[in-house]
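Labels run A, B, C, D and E following the written order; every chain starts at residue 1.
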Amino acid sequence: MTGTHDALAMPAAVVPRRSVPGYLPLVLPPVAYLVIIFVIPLALLAVLSLLRHEAGLIVNQLTLENYAKLLGDTYYVRVIYRTLGTSLAVAFFVTFLSYPVAYFLTRTRTTWKPVLVALVLAPELSGVVLRTYGWLVILEPEGLLNTVLQRLGLLDAPLKLVHNYAAVTIGLTHVLLTFGVFTVMASLQAMDPTLELAAQNLGANRVQTFLRITLPLTLPGILGSFFLAFALAAGAYATPAILGGKTVEVMSTLIYTQLLYILNWPLASAAAVILLVIVLTTLMLLGRFGARRGAVL
Amino acid sequence: MATIPDVELRGVTKRFGSVEAVRDVSLQISRGEFFTLLGPSGCGKSTTLNMIAGFVDPTDGLVFLRGECVNYRPPFERNTAMVFQNYALFPHMTVWDNVAFGLRMRRVSAGELRRRVDEALEKVRLAGFESRFPRQLSGGQQQRVALARAIVTRPAVLLLDEPLSNLDLKLREAMRLELKALQRELGVTTLYVTHDQSEALVMSDRIAVMNHGRIEQLGTAVDIYERPATPFVASFIGTTNFLRVRAVEMWTDGRASVVTAGGLALEATVGSSAEGDRLMVAIRPEKIQLLSPALTDEGFHRGVVVHAIYLGSMVRYIVALDGGEEIAVDQVSGDNAVTWTKGNQVAVRLSPQHCLLMSDR
Amino acid sequence: MATIPDVELRGVTKRFGSVEAVRDVSLQISRGEFFTLLGPSGCGKSTTLNMIAGFVDPTDGLVFLRGECVNYRPPFERNTAMVFQNYALFPHMTVWDNVAFGLRMRRVSAGELRRRVDEALEKVRLAGFESRFPRQLSGGQQQRVALARAIVTRPAVLLLDEPLSNLDLKLREAMRLELKALQRELGVTTLYVTHDQSEALVMSDRIAVMNHGRIEQLGTAVDIYERPATPFVASFIGTTNFLRVRAVEMWTDGRASVVTAGGLALEATVGSSAEGDRLMVAIRPEKIQLLSPALTDEGFHRGVVVHAIYLGSMVRYIVALDGGEEIAVDQVSGDNAVTWTKGNQVAVRLSPQHCLLMSDR
Amino acid sequence: MPVQRMIKRALPRAAFTLVVMAIYAFMFLPIAVVLVTSVGASRYLEFPPRALSLRWYQAVLVKDWIEPARVSFNLALVSAAIATLLGSAGAFAIVRHRFLGRDAIAALLHSPLAIPSIVAGVAILQFFTVVGAKWLLGFPALLLAHAMETIPFVTRTVSVSLLGVDRTLEQAAMNLGARRWQTLRHVTLPLIKPGLFAGAAFAFVISFNNVNLSLFLVRPGVITLPIRIMNFLEFGVAPVLAAVNILSLAAVLVVVAVAERVGGFTKFLYGQ
Amino acid sequence: VRELVVNAYGGEYEEIIKATILRPFEQTRNVRIVYDPTGSASADFAKIRATRGDPGWDVVVMTAPESLIGCQLALLERLSEDRVPNQKFIYHEVRNGAGPCGAVQELQYMSLMYNTRNVTPPPTSWRILWDAKYKGRIIVPDIGNILAVYLLFMAAYMNGGDQHNLEPGWAQIAALRDNALAVIESSADMVPYFERGQAWLLPYWDGRAHYYKNRGLPVDFLIPKEGTVGLVNTLNVPVGAKNKELAYEFINFWLSKEMQEKWAQAYTVGTARVDTVLPPEHSQRHVTSIRQLKTLKIPDFLYIGQKRSEWAERWKKIMVR
């Protein structure tokens, strides 16, 4: 055929080019906003992490000793591990408990649905101090739970459920459920339910259908919920401080104490930088995991 | 007693709110039978399949599989395999994994799994596409994956909802052969929904023609085509000329003498539904002989060609008969693409054997 | 200079990674033309439409609409309307809102909007379904909503990707008439993808037959059907008997004397691609006359019926010729459903005019 | 027999419903405690209370509580709106486009989540001081900071929803003449409503509850409800705070209920 | 009308300070006071630091450690006697402790607060905190709270050390941890454990302890036989304050005899002004006289500021499991 030659011969062929890449108008506003309101302020503070703190004062002398301490001293390394461990546990429990609720809310036809959806907001709306106070009342050695279990003869000695990492995990899981449920719901909503029928038709029972079809297809929601819960748990202060007491230390409580009470700002900002790196690394790993399974995070 | 039917519906009805999708449908399909549901868009074919597969609970009536009532049985306990009208491929799995899914659920050994999946993909001409995802396939390729996914499990009952609608003729023919082979070799009972009538006529042991959720006629391909029970069936399958009847006289040998609204005097065969006072005569275009007027004798009627339509292997002539009625006549295109043209005088022969008298419901 | 074509592709190629979906396609479609893309599953038809609509950017080549190069032009500046192979109905809108969408985008006044939407729904026989959501419709009903949604906008170019695949024959015929009317009344240029060959042959002004992303032949329905350029086209459209050629002698009048592999001596017409040393003769089953052996003269070849297939209005006979070659012959079913049966001696006539000599690419 | 089977099929569903109800119970356990303590009569928190009274609810309905609540509500509303806009734009960019630095931008969009808000609060206050923008303190600064803090939530949830949208629907819309924003408004946005709502709701509650950012950005006279609560906490948890919490919880539930009544809120969000 | 921005106590104390100090000041002068209860002393200091001494207030209440560092960093104005004449009535020991930038408006000490129902007879020694009998009934302040530093001091004193020789004290901390119900940072978070009856013993400020006692909690507080450490609260003027003259006037007003007497009673704390006269039921429980002051150990706040970070790390390594 002569198509290509004609194309060269025809003078009228003005080929429009794509002008601005489509993503620029989308990327610029939030990025500019965050750079101004977040990145620059944080960078100004993070500079302190490179300065020496001596005798209660900041000395104008560049050093990596704050990082060396946080990443070298076994105590601080343990704090980092604890933070990771608790946050991962919370992220897991949040996602695990959110899923049934989200599934139920997506599929139910009950007229109570609006109420049930609204109620999911409740833990988050009930204010951190009072909510945590509520947990103390329930969990402490002479609290509701232990009392009930002991009355029922299920326990001899009270369970230690406060002022440890378990308490922090319970408290954070509770408050972050809201995030889990709505994030998973966003994913479930987008899934075509006939795919579940197709799987059952091919012999998959309910469990198999769930594991092989529903779960992978809602992976973005699961990963989203996991990530939000992880990041929020890693950054939460009040719940670990109150439910954990001060025999529990995680990055956020460390940062808070150093920043406000001990006044060691260099150490606090170094810890903040490390926390940032941890959370963003998690985001990246989850993204990789999702991408390998066809769900871009 | 007769053998137990493989699939049976007894008085099955399905209502969606105020919409009655399926009304009081009863049918029995024997093991290994190739059974086709035919009917206009929205008449309830898919809904019927869905009830057999267990995706939709009947509002009323019973569904039996292999003699057992399966109402409220979950889909995975029914051993049916369905090709969905919209495919319902798993978007997160490759072609290979989609097809392997049913076998994995059946815990088929790895070696056999591989062999059977490869074979199924071969059958639907998709070898080489194993690692693509559904979104990377053309419409017809997706449809073939859906087909492979269903047949690979060798189910007791195959439910096919327009499984070939997006395939070209050649592939469609090849797929039909595969389906027939499956039926023959494994004795799979097949419920087939198609809009391709010639497909239905060629493939089916029996056909149910549905309309507005009801079965209008149930019979073999020849029954349906040659002896349609109602004007709906006659007109829905193939093309049929209807001539309104003005006067009729029935004879005991199953024939009747008829005068049409246009004044044509005909002999006709009395059909099964020839009751009531509004009757008509149905005759298919290809059953009508078209000749030059020179050849006429008393069995012929005269007319004028008003339209000639080229249909590839056929030509359809619209002929205005002397009484004013217009009828369609099909002729093989033969040596010349078109034998007659508009305005030609012709003679038609409406043989009594093909003129079917039925009531105009 | 000729008038500017309404749609033009110049050397358009599309690659998805290593998959070449469309290769160097060039075509010109004039205003008001009904142009059909025909081809096997996966040959690149949908991809071609997508490039014209602007959903997919060509890897190479130029797309013109009304004389203007539209590469990188967004879809909403192209004034095309597409019926998607998978419908792509808006799940959150009712039928009415789906159909009204395009008009709303065009800021059509409320009164006209209502009138035109109602009219479009009427046309696709969906009056009364206005307030349903797509998920509450049958497959065919959904497809008709997609059709209504496209035609209601009266676009300059209509892109139809198997728009009738899930409709029954009667509806399909009705929809075809609507589409033709649209073409006639509004001069809409239509690009049509279908797997229904008779549909393509009846409807199209011109047809492009695609294979593996390339256009194999581009011409009118009669061109394509009666004078296929390649064996692929001949076999893809309709059914064709191919007889391998052992010896050939070409004459200046466009005829050739041929001896087939089975030893048959034939006269044939030399086709446009009769080059190279691997040649064959193509002849369509319905162009072959089948007669009782008593009637033979020298233009006839003898054979035995090995198979008779009932196709509704036709019967296909597979005849084994004396030289051992098997050919298919189609006959109108006529008075008797089947005239010959397996084992019958018959004579066939292969007239030179329908025997097409082409190279076996 | 089908009846038996109906029951058999209903059982797993009932069990599932039970599990869900148990999780709800878990969600409400501590809130129930707060509710009970809020109606205690004594001046300090008692559980269980020895005498009941609604005095703390009366104590809340005064200007000192209502004014901060109003500030918080406005703040949460506007900052959620800003975050929703910016966060969604970001989500569209990272889900719909492939470009150099996309991963870095995705990380940036999520990073406010990764910093304890006390650090962000101090950092922003310091930044405003350095660049001489201290006049922003009070509502404007709170707004800017809260929106920053909540962008990641919107980005995350909108991404999740967006991943589930069939792109041919958008193509269909554009093909029918819808320009990009029309496609967005009429097709994409309705389809991602669950994600948008989730993100906006998160942004709202995060802002509404925020203490540690606000602590550094409030101005005397313009304080938020959580700051007012925090100030109260200087001398322990008073029962009036329980009443404050129960009332703000109730207020949001009432808003949702009204939206449900008037606009069919859940149906609007989650379809049938 | 002149305006003065004052940052001080929140919650129920907002009313007390308004009635006792602010309104009288406003009424006697043509002044409007903008009151900001936001933030604890530590948060206030962080704000001053982040804004380079211009947090938007003219006067702010903090404790001596913050006042000292603020002074070192030149974030706070010096409050000499010519700026605040009433400074000369403040005990010198106390003024020295608070440094040149803080005007001491009240004097507190770490008392031992106990549950009167469960701890009988009343405790006499700090050692009760290590007593196995009360295992799981003790609240220990965390190192972020200066109470923890004081407790460490007391542990050192009781075991032969002092402020600058804390090793004997450090040796006791692990045992303290094992006896504790909880280790809490914020003073406000400690009391709920008393309210719920979970905790019975707590080292706590006398002012706050008295407040809860008055609120009806079954608690009382005392100074054990080993004595205790005093806390100095200060009024400060950030360098960036807009109305410094008025701020000095206000501070001077607060340090006046009349106001000091009123304030000490209203807030149930002691005073560092030499010439105040208070009713005996008040003066018995709070530090109001030179005699009482002498029994208090006034800490070297400068030294605390220098060592706090190091101590915190050591403390944490013991406390955190």
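Note that a contact is a pair of C-beta atoms (placed from the backbone, for glycine too) under 8 Å apart; a residue touches a chain by one contact, two chains touch by 3 or more.
This is a predicted model, so every value here is computed, not measured.
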{"item": "Separation of chain E from chain C in steps, with touching chains one step apart", "value": "2"}
{"item": "For chain B and chain E, chains touching each", "value": "A, D"}
{"item": "Most remote chain, CA-based centroid, reference being chain C", "value": "E"}
{"item": "Selected pair, greater C-beta contact count between A-D and B-D", "value": "A-D"}
{"item": "Inter-centroid spacing, chain D versus chain C (mean Cα positions, whole Å)", "value": "56"}
{"item": "Distance from chain C to chain B - Cα centre to Cα centre, in angstrom", "value": "22"}
{"item": "Centre-of-Cα separation between chain E and chain D, whole angstrom", "value": "37"}
{"item": "Where chain C touches two or more other chains, by residue", "value": "86"}
{"item": "In chain A, residues with contacts to at least two other chains", "value": "133, 137, 206, 259-260, 295"}
{"item": "Contacts with two or more other chains, residues of chain D listed in rising order", "value": "45, 47, 122, 126, 191, 233, 237, 271"}
{"item": "Partner chain D, residues of chain E touching it in the complex", "value": "5, 7, 9-14, 34-40, 43, 46-47, 50-52, 54, 56-57, 188, 191-192, 195-196, 208, 211-212, 215-217"}
{"item": "Interfacial residue positions of chain D with respect to chain B in the complex", "value": "1-2, 5-6, 8-9"}
{"item": "Interface residues, chain E side, partner chain A - complex", "value": "40, 42-43, 45-46, 49, 69, 72-73, 136, 142-145, 177, 181-186, 189, 192, 196-198, 305-309, 312-313, 316-317, 319-321"}
{"item": "Chain A contact footprint on chain D (complex, rising order)", "value": "12, 16-17, 19-20, 23-24, 26-34, 37, 45, 47, 85-87, 89-90, 92-93, 95-97, 99, 103, 105-120, 122-124, 126-127, 130, 144-145, 147-148, 151-153, 155-157, 159-161, 163-165, 191-192, 194-195, 197-198, 201-202, 205, 208-209, 211-212, 226, 229, 233, 237, 241-242, 244-246, 248-249, 252-253, 256-257, 260, 265-266, 269-272"}
{"item": "In the complex, chain A residues that touch chain E", "value": "53, 55-57, 75, 78-79, 133, 136-137, 140-142, 162-164, 241-242, 245-249, 257-265, 267"}
